[in-house]
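Input: structures, listed below.
Next, two complexes with subunit A in common: one pairs it with subunit B, the other with subunit C.
What follows is the complex of A and B.
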């Protein structure tokens, strides 16, 4: 029994080492790549972090959340309020904490909703927060927008990379934890999960708050690159759809699926928008439709489908 | 099924290959658009190629060609910079003394989808990767703020077009390379107040859009009107996505205010006009903000008769000066046959001034060095379609404008400011809607 177990560990440690090496290599990017590569990669990493955090909750549970833009916006406003008095890593953590607190409060009330009702609510949350912030800003501060302190593109890059690394680790550990298994059980059948003693609301709440931490942290970092924000910019519903599409495109079954989806999507967008601006949306839409038709498990599902099948067919000890 | 999927993935990778290779190319690499920095290791604007090989001036801009602000690139600054580049190139280019020859202009325009992250990232691309010589501004005040900061970080010059705000003045000191050419509330609201008091208006109902533009005009108008003895009978905000103005028009009607003023964007402004007509609301003064000065608004509001008497922000017309008349004629000629481009009797003149200033600064200072150009622009006067133009604290001086308030009269956009810029007497009260 010890032998297959060892082999399994070896098997698992190889992708782990590859990911660690890839992250380490990316960390050296500002040393050898062009200045614009650093700016571009920060955006890619932002999307990777957003889609990964989306997949952390929505992947196993099947709850489609469109609240990413809401928590991203909370992070943005954290930087707008405290950007001039706190260093960027502290802003990042503060953005994450504020988002988690709001997610917890909102989730406690709404995570009893299921299916499309939950999705509609999360979409409404973006609008609700946008108009709430707009109202408070115009009523109490007499302003609409705010300027945000800048920290330079390399600092932004490293903060985003640190966030993604922490998030990958968190997502990896979550999948293997009891909570992770419980989330998958909820995805399979929420009623059955409740019947075997899982406190489904508590588990969903925990995962929802955890995933929103990364969204808020990403918002806090990216806002410093934008110089000026207002509620319309901060709570942009595009930020809810893009991470969800990226995660679906990459595949939510695998840990690296959303990251792969984000990289492919962001690179594709950059190419299309600068080279074929008038065809951008047409090509983008066509690729998305084709991907959903032909790759229901996303890019990573496609690549790893065969070995996964073989593993099921062949007894572990025989391979 | 799998075969299809693999083929799709391969096709995708093929499409992405140039993106990934370009994204990872080091500075000064072999990429097509990665020019070599100069010997000092600096990459000042204007170092796209060595002096000997320099054969064009590359000007980059990130414009909203799709999304909510797309209308502005279509109708506002868009037609102006395209016309200017066409004229410059037809003339053989701009003479740059440091290169000893005329250089044609090449525009690199990216679409930001009216989205902030894309906008800021693509400006960095223009500066760091494409290494453009000069920048054109983005659409909207918020985007201008952000772009001004990026331009400033890289010592680039940025002359604004659409969008400006009094609040931009608070930060102007930190952006030495940023200039504004469009007139806004601080010159327009006093001019409007004069027109209203002259016309005997004693009460007003204000509606403004809940954004920087609307709030700023409302915040400027309320104290100015009150100081002039105009009673404020209402000061109501509306969201940008408002689809029905009926309750607001009705409350304005019930308030009995002599003047109705709408400080918003074309969508809301045109809706207000249409619904006021439907509800038979015809106050002595009907004022709308952005969009009202576009010739194209006649299409939306029922031709010359449909816009008769409406007042808006502006303002200039062909009677303002010979240079303005000549510009209007050139604009018509350049866009002849294109039925999507219309004159804007507010912004088109200041926008054209922004590119004229750029061109004259290059010709006179003899360089494409942005730091030299920004000093030159801050300290000198220019011969423009608005006459002599200069900047005071990075804003075009108030005296340069040919008007601030206009009114549609018999299909002509008339300047009605009190004083020398006036091209026709204001009609107050306006005639009944037709």
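What follows is the complex of A and C.
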């Protein structure tokens, strides 16, 4: 039955057009905005990309991963090693591939763990990689940090925007695919999912690797902005918590939830840091607690249509 | 040769043998009742057959091929489907999407159109047609149980394991469930059902197996089982010497 699919496309086409227009508008920003705005927007887009890639896996499955900083750091070190010999897009792909490979290996071992055990392991991964890199750098390279080739803030901006655009498309397609459905089923009940023929380990592994690709790519881009990096900067656990908090704040049920969360968070952080530098963390924490208490489905949850009602619009009976 | 065979199956949890050296056979097209007091090992036996847990020892063969130790999704695709004692429907999905998920993943290489057709057919079959677009939480208990059965059926099983689908149902709903099980069986699916509702066991099962403390206590026709002194003692807590 092609009919409901078509109606779905008609319904989706309006938000689709709005998102496309918004991305296109943002693309013109470097033409007239200040250098500072471009740098600030690059950060916001980076957070949006990280938060969205976090939500790709953790949103539907409910597996909270704190490994974002690990994959982000892998991307950073990719640029640190190859930044002087490769163009930025190639660095992004390389960072993404390295991250995916590590995610696949780690996931194959740890995705058998459920709930909080998985979360603890992923958090441990950040520390593990940090100390491993620190050890190899001091032992073999005789150094603590590295300088990274710079590509200019406008290049960074466009690479980030391209990454976010590709990621939005990937996340959109994933949600509609069978793999996306399988991920939701795993989140609803992993046992039940396995017993209706879903290869839960394979599906989780695929999504975990896919989401870490974008994290690595984002790290590869950001590294070029920082000029100097060391393991402490590259594997900063804040980069695990922020995307998760942004995704929760924005809401993971909707595709744009994590993006909305990242924009609101980044703007809020900017305002609070400049106005209340000493109280910033306290206010931030209070807002986060209030958000979890009063908006369990996040910012986008407030404008969500009720799912039961929506399903009745779709005439599933005729074929 | 039966469609499903278990030989010398054992599973230990800590110091307790939950399933202790159990043999069973399921003939193609039959309904086998599985009864026994709480903690007898009935659900553990289902978990072993469906791959949720692996046996410590023993062998399971499906259609003559050894399937012991296979993952649940592999067994499901081969044709062994199950329901859970406490229904594990996906509460975030509609009735239709619950069954569709089973239809899409339950068999390899089923097209989307075929899966949708299977979904509609299965929902009609179990009598949930009027609830097609409804949310799972809108269903009464009997409906939840039927949905659980529909999710298993949409994977097109050869063997269906039903774990207490009648628990908590009123007498007329039990009657409806018995009719449904008979219909499933007539469509060519062999069934093993765990049940405490004796009327249902006696009404639909061709054969009954009794488990007690993980061991097979008795096996036979329903009327023989209901007269078996050992079974009566276990169930009624009769006098012990």
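Going forward, the second predicted complex is superposed on the first by the 296 of 319 C-alpha atoms of A that agree within 3 Å, B and C clash if a C-alpha of one lies under 4 Å from a C-alpha of the other, contacts with A are read in each partner's own complex, and residues count from 1 in each chain.
What we mean here is this: a residue touches a chain if its C-beta (ideal position, glycine included) is under 8 Å from a C-beta of that chain, and two chains touch if they have at least 3 such contacts.
Just so we're clear, the structure is a prediction, and the values are computed from it rather than from any experiment.
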item: First, second, both or neither for A:199, with subunit B first and subunit C second; value: second
item: Which superposed partner A:178 touches (first subunit B, second subunit C, both, neither); value: second
item: Partner chain in contact with A:238 - subunit B first, subunit C second, else both or neither; value: first
item: Partner chain(s) touched by A:291 [first = subunit B, second = subunit C, both, neither]; value: first
item: Contacts of A:189 with subunit B and subunit C, given as first, second, both or neither; value: second
item: First, second, both or neither for A:49, with subunit B first and subunit C second; value: neither
item: Doubly contacted residues of subunit A, that is, touched by subunit B and again by subunit C; value: none
item: Touching residues on subunit C, where the partner in the complex is subunit A; value: 50, 52, 71-73, 76-77, 81-82, 84, 88-94, 96-97, 101-102, 104-107, 113, 116-117, 120, 132-135, 138, 151-152, 154-155
item: Partner subunit C, residues of subunit A touching it in the complex; value: 1, 178, 181-182, 184-185, 187-189, 191-201, 307-308, 311-312, 314, 316-317, 319
item: Residue ranges of subunit B touching subunit A (in the complex, touch as defined); value: 1-2, 4-6, 8-9, 12, 15-16, 18-20, 23-27, 29, 34, 65-66, 110-111, 113, 115-118, 120-122, 124-125, 128-129, 142, 145-146, 148-150, 153, 167, 171, 210-212, 215, 219, 237, 239-240
item: Sites on subunit A touched by subunit B in the complex; value: 32-37, 39-41, 43, 46, 131, 134, 138, 142-145, 147, 150, 153, 222, 225-230, 232-233, 236, 238, 264, 267-268, 270-271, 273-274, 277, 280-281, 287, 290-291, 294-295, 299, 302, 305
